[in-house]
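Look for chain A in each of the two complexes below; its partner is chain B in the first and chain C in the second.
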Partner chain A sequence: MAAEIRSPLPGTFYRKPAPDQPAYVEDGAAVKKGDVIGLVEVMKSFHEVRADIDGANARFLVENEAPVMAGAVLVELD
Partner chain B sequence: MDLTGKTLFVANRGEIAVRINRAAKALGMTVAQAHSEADAEMLAVKLADKAVCVGPAQATKSYLDAGRVVAAALEAGADAVHPGYGFLAENADFAAAVEAAGLIFVGPSPDTIRRMGDKVAARAAAKAAGVPTAPGSEGRLEGAAAAQAAAEAVGYPVMIKAAAGGGGRGIRVAETAEDLARLVPQAEAEARAAFGDGGLYLERLITDARHVEVQVLGDGTRAIHLWERECSLQRRRQKVWEEAPAACLDADTRDKLCASAVRLAETVGYRGAGTLEYLYDARTGDFHFLEMNTRIQVEHPVTEMVTGVDLIAEMIRIAFGEPLRIAQADVALSGHAIEVRVNAEDPANGFMPFPGVVGAMAVPEGVRFDTMLYEGYAIPPFYDSLLGKLIVHGETRAAALEKLRAAIAGMRLDGLKTTLPLHAALARDPDVIAGRTHTRWLEQWLETATIEAA
Partner chain C sequence: MALEVVKPGLLTTIQDLGRPGYFHLGIPMGGAMDRMALRAANLLVGNDEGAAGLEAVFMGPELLFTRDAVVAVTGADLPIFVDDVEQPGWTALPVKAGQRLGFGFLKAGARAYIAVSGGIDTPPALGSRSTYAIGALGGVEGRAIAPGDVLPLGQPSGKAKPGASVPETLRRKLGAPTELRALPGLYWHRITEAAQRGFFADEWKVAPEADRMGYRFRGGEPLEFVPREAPFGAGSDPSNIVDGCYPYGSIQVPGGTEPIVLHRDAVSGGGYFMIGTVISADMDLIGQLQPHMPVKFVEVDMETALKARADVAGMMDRIRAALA
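What follows is the complex of A and B.
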């Protein structure tokens, strides 16, 4: 069954810690509970988004630097 | 000068866009308002005569995209562009692009913006105008050995600053030669990454100083000052509370400070509204030039309240070629004003951003509230957290503080968490009331303070 990680905040979603660095989680990678999967920038302050579940085969539904609403699904996992 | 029928393009958002809209309308101008896709419902769009979308929510693809903003201004049939503060306001290439498109830039010339934006060049200009600067390096630091020599001459502790920085960004403190050797390469790499310019300079660290700044207006030839403000209450180098005048200055120091600002503004042929920032050491009575901001500032209303001058209107008139209408002798200082920044942050929860929906809203009589808010507005999460500025004026500082306490108690902003409870606590604090503050005071105070939830 597919699991989901949602954005806790509204803002801009980033998959990388900095533009010149690799993504926190590559497409198709496995994720462990507590891993940072991205950042949400809300009003110029950055908040880490952590996985609240284990899962495999990460499929991101939100692109890097795209706007997100609170509660939006960021990634689906197996 | 009759500006009736001229079109002003507002290349900004939030409360300053509202403020510029109102000033331009009062001058009889037509207003065209820029907005991102996320800002279509903002108050300035509702006030403006027309609105042009400049791109998606992300500022780098909209408000910071100089090409799109200039194209939007042309599309709107604008005669002039007001950049507000932040975004492209101090971008010399943007100002040049506006002028190259045949439009008026409401601000100084691109050359002045470039010169003052290079903090080393600005320091040199200040020295040449006889304005005191903090003891520091001559020009840019050329290599580690030169940095060591400059720091020895100045005396530790020193601040390492980026030539292309400003606004408190990119500053490191070195207590010893070992610190300096370690921090200079880091600072250089960071400055190159952040600003595209690795140039550094250093200044002696002045601890527990107060932040004072002088408002100037110039027409390219003549300049006047509109007295000073004090902005020592800061968190993470961002101002949260501002006053005019600076109560810590005696009349003689105030006159010297303000005269030095006029000298620098006239030396560089300054045009428009600008602010010279200084550090003031209350123990020695010395003041040192820090940097110049070549734009209108967030805290300009406190100056307007004590001088009666509409700074936005004056900068628009000057941009259209009108000489300064005000003589220095006519700028009287009347009473005391305080501004507090109302941010969408929860001070009871680590200043967590709170981009909510505005419920019922009420502002007490007799105070000024420069704001982007209206009932039912959903605050977008993509930009800074400033919602508005609550401004009070009294005959004395004590009277202004009393008015501020009453105004905060009378503010109603349902559905939001804001920094108003922080200001309520500050307005009751004995150190704030007595003026015993400096630029690190607020962060120290926050370590032990408890702020009641609104």
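What follows is the complex of A and C.
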């Protein structure tokens, strides 16, 4: 069954903690509840987005550094 | 007799209509970024228009009522829940002690105003309960609300009318793009005619850095300056001036690239030229802009600006009449 993680905030989405570091979650990886899956930048700060469910085979629907709206689905999971 | 903060949301702050009178000392006016929305929320719950409420930005808090109250949420379209049952916005909602107010994902706008009958009764600082976080003034210990905070409430007036709501036509909406009317200012001559035309012709987008201090925009062409020899006291960048006062609403363009409209928690002065000032009638709209939303600046003269101010004041009068 598919599950999804949504962005709680509007802003700019980042998949990595810093430009020269690997992504928090690689495509196809598994995610555990509480894991950081990315950052949303808004109002001069970066806010961690955490998984609220466990899941496998992560498929990101929003690219690194792309604008996101609040409620946008960031990643789908099995 | 209070409101308990279960989850704070993102930088949710206590705001009233602010503390004018100290800007010359570097202390900004502060207060709600969408003043009409706060006034309407207060009227719905029977408060004075300037009572303190909560300003939630992009994300709502979760609050637990420890007494019966009337609550209203205005401004941004943020789905409202009382004990998981969805409720209408811009409406006086009766709540019982023990009930919880929560929110869903933001649908439109940026800032929601939560007013509670009696108003939030934290100690005023310099005549206002507004939170100025940069200066650690007002609100709860000068900061955004945090989990476990207990927000004291004042004595309800008894004038709240549960079920009353602000008519749809009296809720201001953003355009697409949102048009912000602006009056060219003192330093208008510092940029070329092509840059003057370009500033108003270009479409700008809200930068994610935009906050209560200022709203930054990007995406338009950089401004070209008229060549000059920098006067004594001004920095070497063409966008520098001899330090001046920054009015609320003024549009500074550091380096000529990204305009910043100063808002309620603005700095009071500095060394960047200002292209002009957003008119007072449109400042509330800025408070409802999300990152990446498109905006156009529209040039107006003083007569148009004053007419717009009167129109917005008239809209507020109609809200008062509708809720009287």
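Assume the second predicted complex is superposed on the first by the 78 of 78 C-alpha atoms of A that agree within 3 Å, B and C clash if a C-alpha of one lies under 4 Å from a C-alpha of the other, contacts with A are read in each partner's own complex, and residues count from 1 in each chain.
Heads up, the rule we're going with is that contacts are C-beta pairs under 8 Å (C-beta built on N, C-alpha and C of every residue); 3 or more make two chains touch, one makes a residue touch a chain.
Everything quoted here is computed from the prediction, not taken from an experiment.
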item	value
First, second, both or neither for A:E26, with chain B first and chain C second	neither
Contacts of A:D54 with chain B and chain C, given as first, second, both or neither	neither
Contacts of A:E65 with chain B and chain C, given as first, second, both or neither	first
Which of chain B and chain C A:K44 touches, first, second, both or neither	both
Residue contacts with chain A in the superposition, chain B compared against chain C	C
Contacts of A:T12 with chain B and chain C, given as first, second, both or neither	both
On chain A, positions contacted by chain B and by chain C	9-12, 41-44, 67
Complex interface listing, chain A residues touching chain B	9-12, 41-45, 65, 67
Residue ranges of chain A in contact with chain C within the complex	6, 8-12, 41-44, 47, 67, 69-71
Touching residues on chain B, where the partner in the complex is chain A	38, 56-58, 344-345, 353, 355, 381-385
Chain A contact footprint on chain C (complex, rising order)	10-11, 57-59, 104-107, 110, 208-211, 290-292
